[in-house]
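These are the structures in question, set out in turn.
Note that chain A is present in both complexes that follow, paired respectively with chain B and with chain C.
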Partner chain A sequence: MSGSMWNSLLRIDLSARRARARPVPDELAVYLGGMGYGVKLLADEVPPRTDPLSPENKLILTVGPLTGTLAPMHPQSCIVTKSPLTDGILNCYAGGFLGAELKFAGLDGIVLEGRSPDWTLLLVEDGQVSFHDAAPLLGKGTAETEAWMKKRFGPEVRTLSIGPAGEKGVAFAGIFSETRTFGRGGAGAVLGSKRVKGLAVRGSLGVGTVHPEEFARLVAENMEQLRRACAEEYNLVGMFSRVGTGAGMGLVNGRGGLATRYHEYGQFEKFAEIDGFAYARKFYTRAVACYGCPVHCGMLHKFRQADGSEGWLRGPEYETMYSLGSEVGNGDPVTLAEANRLCEEYGMDTLTAGVTVAWALEMGEKGLAREPGLSLRFGDREAILGLLARIGRREGIGDLLARGPLRAARELGGLDIAMQIKNSGFAAWMPRRMKGTALAFATSNRGACHKRAPIGAEITGQIDMNAYEGKAALVKGIQDRVNAIFTLVSCRFHEFVTPPELYPRFVQAATGRSMGLPDFDRLGERIWNLEKLYNLGSGLTRADDALPERCFQPIKGPASEGAVIDRAKFEAMLDEYYAVRGWDRDGVPTAGRLRELGLERYAALGRPGAGGSAGGLAR
Partner chain B sequence: MSDRPPAAGPAFAIDPEKCTECERCMGACALVKTRVVRLADACITIQRRWPEVPGIHVCRFKNCAGQPCIPACPVEAIASRDGYVLIDREACTGCGACLEECPYQAIRLDGEERAFKCDFCGGRPACVPECATFALAVAGKGAEPGREAGGRP
Partner chain C sequence: MKVSFELLTLFRQKAGTGHLELEVPTGARAEVPFGAAPCKAAGSGMPTVLAALRAAETRLGGQALLEGERLREGVLVFLKEAGGATRRVFHPSEERIRSGQAVVLSTAMGGG
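Let's look at the complex of A and B:
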């Protein structure tokens, strides 16, 4: 063991039903863990033209140097795979307790390879794997699958599972881990393609660090920073700790940036019915945390359900309050929570699912789409819940929607309004309102993603949200930094509070690996470039670093001030961004930049079309 | 880790309603006892009853009525001094009688079949300052009092 890492990756060959632990080679260890391990392994082992749902794709589940330690806000684990939604490289994350349990099981990660001959459940106990028949669980929801595993394997196991959507290859199927979700990009469909219904982990080992005294000092320092943040009235993380991630909806709405009715409007008249404060006010609420986290942004609510019965429901996260709330014109918190639970049961990303439903609703209102038994209109409860169920089961129009918003629009029309980038549905933010966020969405390696965008600075007015100038370098810096923290694997919110200098100090105390903040950010940049090469190799081009047409029409409603994207200015900002990145005008990393990043041997990875079929999104 | 003054006598104030189930108390306990984060070694256990409020299993010391573990021990390995109920590990035979008597399920057997439980860290429990929501506090030391005096198992 090198400090907090075990130097051990478990490779599970599903086709042969065989598993073996392998040491981590030095050239991988420099990527620290988490996203770094995942991206490097995928780039090395899965050619970019691989069909994401074929046995040749791999699903790589990793943790990082701070996982399982007492460093606060490090519960998450990371999945990297080739995405069936974008056809590019995917990294996605879930909190909860799975990450720590993997570490307690003596593992830095698990690589799932091949395809099981029959549907299987995997049980990993301290690095030992057993295969269990999953046939009785086929068609079952994620909560039932999880309960079954806990009953069968013991209540203390930590799990992940897929629902019917993952089994049936819904392009945005997620993987669920005790109500935390590897949401974006369709990792659930990849797991389904491998015929893995679920994974349970039990660990009995202890996690140490190389420099325990220094590590304890850093933990205490970081805990104090988080405690202060949580005690501040207007600190975002503090608000999360009180009412969950839905705390900020009022602020966004007030700035005319709350995407509403499929991004036509920037304000939702019923926001105060569905935001975090509304849930806390209307329902008995119990805060629940991920492993070791003092912020406890998860909220459980007791509801009177539509059928009159009382039950517990997981409070929707902010992005879901948008995607199944304002975006679909739904101002009813119970409908929203039930839609959230439906996505959990079927096992789907609430974001792309909701945004795809919103597209169908608008198409319905325009008379361009219809579905027997449903009235496709914004705010229609039966339509929202009905479409989600149809997507999860791949029935009726749901079978088309299950392919993702771009592919659905190519079939049915309405491509001009489809709020997607690289076939990934929009996260809760309006590029027209926030120009740096526009660039971040367009250039995200996983499509329409908010995780590496200057959202906080723009929405609060810290920087001019309407300006194009200066955003290219800003966005690059955020992308690199966030990639770096995802090697650890930090919660995205950790960096909202934690001074960046703490990260390399944490790494050094945990692993003995000495680095400065510039090295840390440079690692993030290296990973970003590796992802970009992978996406180029899969057939994605500059044309995929684009905004949907709706972004070039003004947002409606007074608070949004007619905000719009100027096409020429956006393209100039993209040019500038590519230049700052050391990429050419087509977004291809130059040989010089690859050399600086130590990636010269990956140059060929970014050359598309060496033999294979057309790029996935063109497929 | 903490600058808190030692308590007058050992007693937790515990409020499971405030517990977020983060298990930070468990990690901190294991770390202070074994130098690594190995949750199986923690002397405090959060028992999930998802979605209902969890159970918090730890010795209540002064707040434990009758302290039945003490008479239960056939070899008199458990004794109370100033309220500090402690197990003499060398004397313990691992019979498990105390485990059965403990109303809080706060005693377990370790890998060598010896009973172990919380010793209040000699007055400054490592778990307490880690609890962000004051579900766990030292009784009577300025911490927000828990609604559970004796504790619910």
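Let's look at the complex of A and C:
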């Protein structure tokens, strides 16, 4: 063990039904953990042209040096794989308790390789693996699957699972972990392609640190920062602790940035019916926390469904309030909750699912799409729920929508309005309203990513959201910093309160690895470039760092002044971004920058056709 | 002068409404010597954002928006034009509210 990391990766060969723990080599250890481990392992072991749903793809589940320690807000684990949605590299995250349990099991990560001959459940106990028949669970939803695993393996196991969408290869199927979700990019379809229905983990080991006294001081310092934030009436994280992540929807709407009716409008007249305050006011609510988190932003709501039965739902989270609310023209909180639950049941990312449904609704209103038994109109409850179910089952038009918004539009038309980047549906923000966020969405390695964008600064007016100037360097800085933070697998909200200087101090106290904040950011930049090389190798180009045509048309309705992207200014901003990154005009990292980052041996990775045979997003 | 307020997030929740209209004192017009045209900062019958926020504090039952003349941490204030465009106000004593403008009150949203 090296401080808080075990230096142990569990490799599970599903084809041979065999597992073995392998030590972490030094050249991997410098990536700290989490996203860093995942990206480097994928770049080293899975050629970029690999078919994402083939046995040759790998699914890499990792934790970081602060996982399972007393450091607050580090409950998450990370999955890196090749995405069946974007055909590029994917990193996605889920909170809850799975990450800590992996650490307690003596592991820094699990690498799933090959394809099981039969559908299987995996049980990992202190690093030992057993395989269990999953046949009784096929077709079952995620909640039922996880409840079954807890009944079978013991209530204390921590679990993840896929639903029918993952089994059937829906390109935006997620992996669910006790109501938390590895949502983006289709990791659920990858797990399904490996015929793994679920994973349960149980651990009994303690997690140490190299400098326990310094670590305890840092924990106390950080806890005090978080305690103060939660106690302040107007603090955002404090607000999250009281009403959840939907607390800020009113501000976004007020600034004309709440994507509505498939991004045609920036304000939704019924926003106050579906925001965090509305859920807290209308429904019995209980807050729930992830491992080691004093914020407890997860909100359980008890609601009466349209059929009169009562049900519990965790969420909806902010992004879902948009994707299954304003974006589909739905102002009914019960319909929204039921749509959220359907996505959980089938195991789908609520973001891309909602955005894809919204596209189908607009196509329906234009007379370009139809589905027997459904009236494809914004706000139509039956249409929203019906389309989600059809996607989850891959029935009717759902089979087409299940491939993602870009592929569906290529088949059916409406490509110019498909709100996607790299086939990933837009997160809950309007690039036309926020120019830095436009750049962040376009250049995101996983497509339309909201986790690495200047959203807070732009929507609060800290910086001019309509300006193009200065956004390139800002976006690069955020992308690099967040990537670095994701090597620790910190909750994204941790940084809202925590001074960045604390991260390298935590790393040093936990692992003994000495680094300053510039080193930490440089690690994030190295990972960003490695991801970029992987995407270039998979066939993605500058043409994929682009915004859909709708972004170049003005937003309709009130509060729309200045809410349009100027094409020439956007392209100039993209040029500037590439230059700031040290990339050429095609977005290819230069040899000099790769050398500076210690990535020169990966230059060939970025050449299209670098191994493998398939390429899914080819134009 | 009557000033319109748009209440968002926590403030909307606390007030139980999204809109308020309050009478806000404009303060005495400054003396304008030699018949010169009054400049904006000299007082022209337009209330400051500071005065508007003080009126809002009272109307909201003592909800603290200010620390002295500065905004309390976490409070966001915007001036909204009739067309809907909003601009952040950082120094409420230095900004005046023109006819047709509304004051928007919110707490923050994060990300990035």
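Assume the second predicted complex is superposed on the first by the 611 of 619 C-alpha atoms of A that agree within 3 Å, B and C clash if a C-alpha of one lies under 4 Å from a C-alpha of the other, contacts with A are read in each partner's own complex, and residues count from 1 in each chain.
In the analysis below, contacts are C-beta pairs under 8 Å (C-beta built on N, C-alpha and C of every residue); 3 or more make two chains touch, one makes a residue touch a chain.
What you are looking at is a predicted structure, and each value in this text was computed from that prediction instead of being measured.
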Which of chain B and chain C A:G606 touches, first, second, both or neither: neither
Which of chain B and chain C A:G254 touches, first, second, both or neither: second
Contacts of A:P48 with chain B and chain C, given as first, second, both or neither: neither
Which superposed partner A:E233 touches (first chain B, second chain C, both, neither): second
Which partner, chain B or chain C, touches more chain A residues: C
First, second, both or neither for A:E561, with chain B first and chain C second: second
Partner chain in contact with A:H296 - chain B first, chain C second, else both or neither: first
Touching partner for A:G425 - first (chain B), second (chain C), both, neither: neither
Chain C-touching residues of chain A, taken from the complex the two chains share: 232-237, 239, 247-256, 272, 277, 281, 429, 436-437, 440, 450-462, 478, 493, 496, 558-562
Chain A residues within the chain B interface of the complex: 68-70, 72, 97, 104, 155, 204-208, 212, 216, 220, 223, 226-227, 230, 241, 286-296, 298, 300, 312
Sites on chain B touched by chain A in the complex: 1, 17, 20-24, 27-28, 30-31, 34-41, 48, 51, 53, 130, 132-133
For the chain C and chain A complex, residues of the former touching the latter: 6, 8-10, 12-13, 18, 72-76, 78, 80-81, 83-88, 104, 106-112
